[in-house]
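Chains: A, B, C, D, E and F, in written order; residue numbering restarts at 1 for each.
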Amino acid sequence: MSTLHTVNKSPFERPSLKTCLDHVVQGDAILLIEDAVVGARKGGAFAEALSHKQASCSIYVLAPDLAARGIKAEDIAEGIALVDYGGFVDLAAGKARVCAWL
Amino acid sequence: MADETNTKKFLYINRKAPYGTVYALESLEVVLIGAAFEQDVSVAFVDDGVFQLMSGQDTAGIGMKNFSKTYRALGDYEVRKLYVERESLAERGLVSDDLMAITYEDENEDYAEKPSIHFVDRSEMTKLISEHDVILSF
Amino acid sequence: MRFGIVVTEGPYTHQASDSAYRFTKAALEKGHEIFRVFFYNDGVNNATRFAVPPQDDRNLQVLWSELAEKHKLDLVVCIAAAPRRGILDADEAKRQGKDGNNIAPGFLISGLGQLIEAGIQSDRLVMFGD
Amino acid sequence: MADETNTKKFLYINRKAPYGTVYALESLEVVLIGAAFEQDVSVAFVDDGVFQLMSGQDTAGIGMKNFSKTYRALGDYEVRKLYVERESLAERGLVSDDLMAITYEDENEDYAEKPSIHFVDRSEMTKLISEHDVILSF
Amino acid sequence: MRFGIVVTEGPYTHQASDSAYRFTKAALEKGHEIFRVFFYNDGVNNATRFAVPPQDDRNLQVLWSELAEKHKLDLVVCIAAAPRRGILDADEAKRQGKDGNNIAPGFLISGLGQLIEAGIQSDRLVMFGD
Amino acid sequence: MSTLHTVNKSPFERPSLKTCLDHVVQGDAILLIEDAVVGARKGGAFAEALSHKQASCSIYVLAPDLAARGIKAEDIAEGIALVDYGGFVDLAAGKARVCAWL
């Protein structure tokens, strides 16, 4: 069964998103929370990598964290879905394990 | 407070996004207190620090205080030199219009409203660092 | 479903405790069970009753204590990580010869085995940290 | 302690260098305590986590406790599966000989000494993650 | 030469306080003056007298307190950063209606202006953090 | 007058060394302390960048931090000098300011 991967740091500040992307398998889900949401911004250096990864994984961003950092929902890279804390809980419940890339 | 011979050039370098860590907020608190000391103050935004100035920040969903409006009040504290590194913006997919407009009223020019934010490239930022006496990093 | 929660950073400096609190609340609202919230590393700093945040800011210790009381949550603070960071309950303060303690209501100091047990007994363990 | 139905596969993922932060030490403390619970335990070293296993660590000059010898004792606690990612080593200019030799005595083969460290590539590490029940990240 | 030192992380989790302590000691041994050591952000956590590290580990609070006594160092803990993290002296505890305090000997809680003053009065300001 | 730049994080973990290298001028000094010392290892991904920079800046590594991480003095990239805490103090005193890339 597949894994929910959480990433909480900006990919410009830590390698955790890159390392996460290097360690996911087909069917896994990746959720960007806290400062990691800044990596989802369209046109940013990580937007393309996130878009490519959607061929094998679903990618989510925590909407309240996105709003806090002033990034509009329409400005995130295509195909990334927004969830709230309840959606975060559903994702964790729906996968076999949660792997936090701290 | 400080006499003329004790005026130093202070540079605050902000390199972290807001809310994920407290550094942006606690840096701002130093800048505000420091303003009372009548030093020559500049504030730099490099790397993820540029996110501190994003317009439209809304923290209702994470239960944290939205302190972004305080940057707009810096002009009233005589903090009027904010430097944003262009390369840091570009790497993050941001343009200058994504940031708040921050201005001050110039008392020497009939209170004309002037921009506090200066967009500088990396070489100008490098020069800034080498021209300051005291550097506080957050 | 039964969740275990791990918090490895203190309040204010990192968002970890905020995120963990909101996740825990959302899980409870959806009818899930929280087996335990385990505070490790600097996470033990969430458990001091001496914290006085600015009046216009949240008080994470109070939020956790209130949530624990309302839902009978098991908030466990690691006995290895807490004393080295100055978080003591009355027993530990006495044993260490300290003249006071600062543990907040609803938090219990206990061993690292409680973290392993949370891993064993929970359907999902979710970590929040730096 | 735990009965058979409660045996889970625990994976500890270590991604930080030792001493600069406490995570390496406090992760090790969990691994040691966890060993008493008779779970199926694996410990992974990824990114800067590989520095935790460097041989010849000498902390006298920084006044901190050298806990690197404890990794060598893990075998006595039945923690015998340590996985080091090859790509993480290579990126840091390290080779397997830079790491401590960590072995255990196999009681099923007349106490023959066997290596605890397994060098795996990224795809094997990825597979490991997807095969464990509980993942603790430090 | 006159140095000002800033520490922005607590003990144990980050090496910042260790590095700052060793730098300060080396500067004093070379005959330099330490104008002030200012503890900000999580750095205020160095100032709790409740800390009980493992017996085979260093106790940074004690190291700082001893160094301060020996060299008459000015160890200032930020009054904005400390209460929100649960570091209180007797006055602050009373004002906030708390039933105890945990400040260690040799540490003084004072305002952020002391940091600015350290920047003005020191020949070099050296920061240690995360 | 020139600047002493301190970097305390592993360059594999944070962008601070890279950002520091992008913001030095001729005659500045860079000192790697704490986890940053791992970037000085010969053959590592940052060794070349550090060697190149020596054309304009002097680069130092704090020896006690290097020893703690099990890296031998002979294994660091060429031209990088070792200092102890006293040497760190001398470097700070010898430059006009200290810039910490935290």
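The rule we apply is simple: a contact is a pair of C-beta atoms (placed from the backbone, for glycine too) under 8 Å apart; a residue touches a chain by one contact, two chains touch by 3 or more.
On a predicted model such as this, the values are computed, not experimentally measured, just so you know.
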item	value
Touching both subunit D and subunit F (chains)	A, E
Farthest chain (mean CA position) relative to subunit B	D
Equivalent interface positions on subunit C and subunit E, same or different at half	same
Taking each chain's C-alpha mean as its centre, the one farthest from subunit A	E
Cα-centroid distance, subunit C relative to subunit F, in whole angstrom	38
Length of the line joining the C-alpha centres of subunit C and subunit E, rounded to whole Å	26
Separation of mean Cα positions, subunit B and subunit A [Å, integer]	29
Multi-chain contact sites of subunit E, meaning residues that touch two or more partners	8, 12-13, 15, 22, 41, 54, 57, 125, 127, 129
Residues of subunit B whose C-beta touches two or more other chains	19-22, 47, 62, 64, 133-135, 137-138
Residues of subunit A engaged with two or more neighbouring chains	8-9, 12-13, 15, 34-35, 64, 84, 97-98, 100, 102
Interchain contacts, given as pairs of chains that touch	A-B, A-C, A-D, A-F, B-C, B-E, B-F, C-D, C-E, D-E, D-F, E-F
Residues of subunit C touching subunit A in the complex	1, 3, 8, 15-16, 19, 22-23, 25-27, 29-30, 32, 123-130
Residue numbers on subunit A that touch subunit D, as the complex places them	2-3, 15-16, 19, 22-25, 28, 96-102
Touching residues (chain side subunit D, partner subunit F) in the complex	16-21, 47-48, 51, 54-62, 64, 66, 68, 91-94, 98
Sites on subunit F touched by subunit D in the complex	8-10, 12-13, 34-35, 38, 41-45, 47, 63-65, 67-72, 84
Sites on subunit B touched by subunit F in the complex	13, 15, 46-47, 122, 125-127, 129-130, 132-135, 137-138
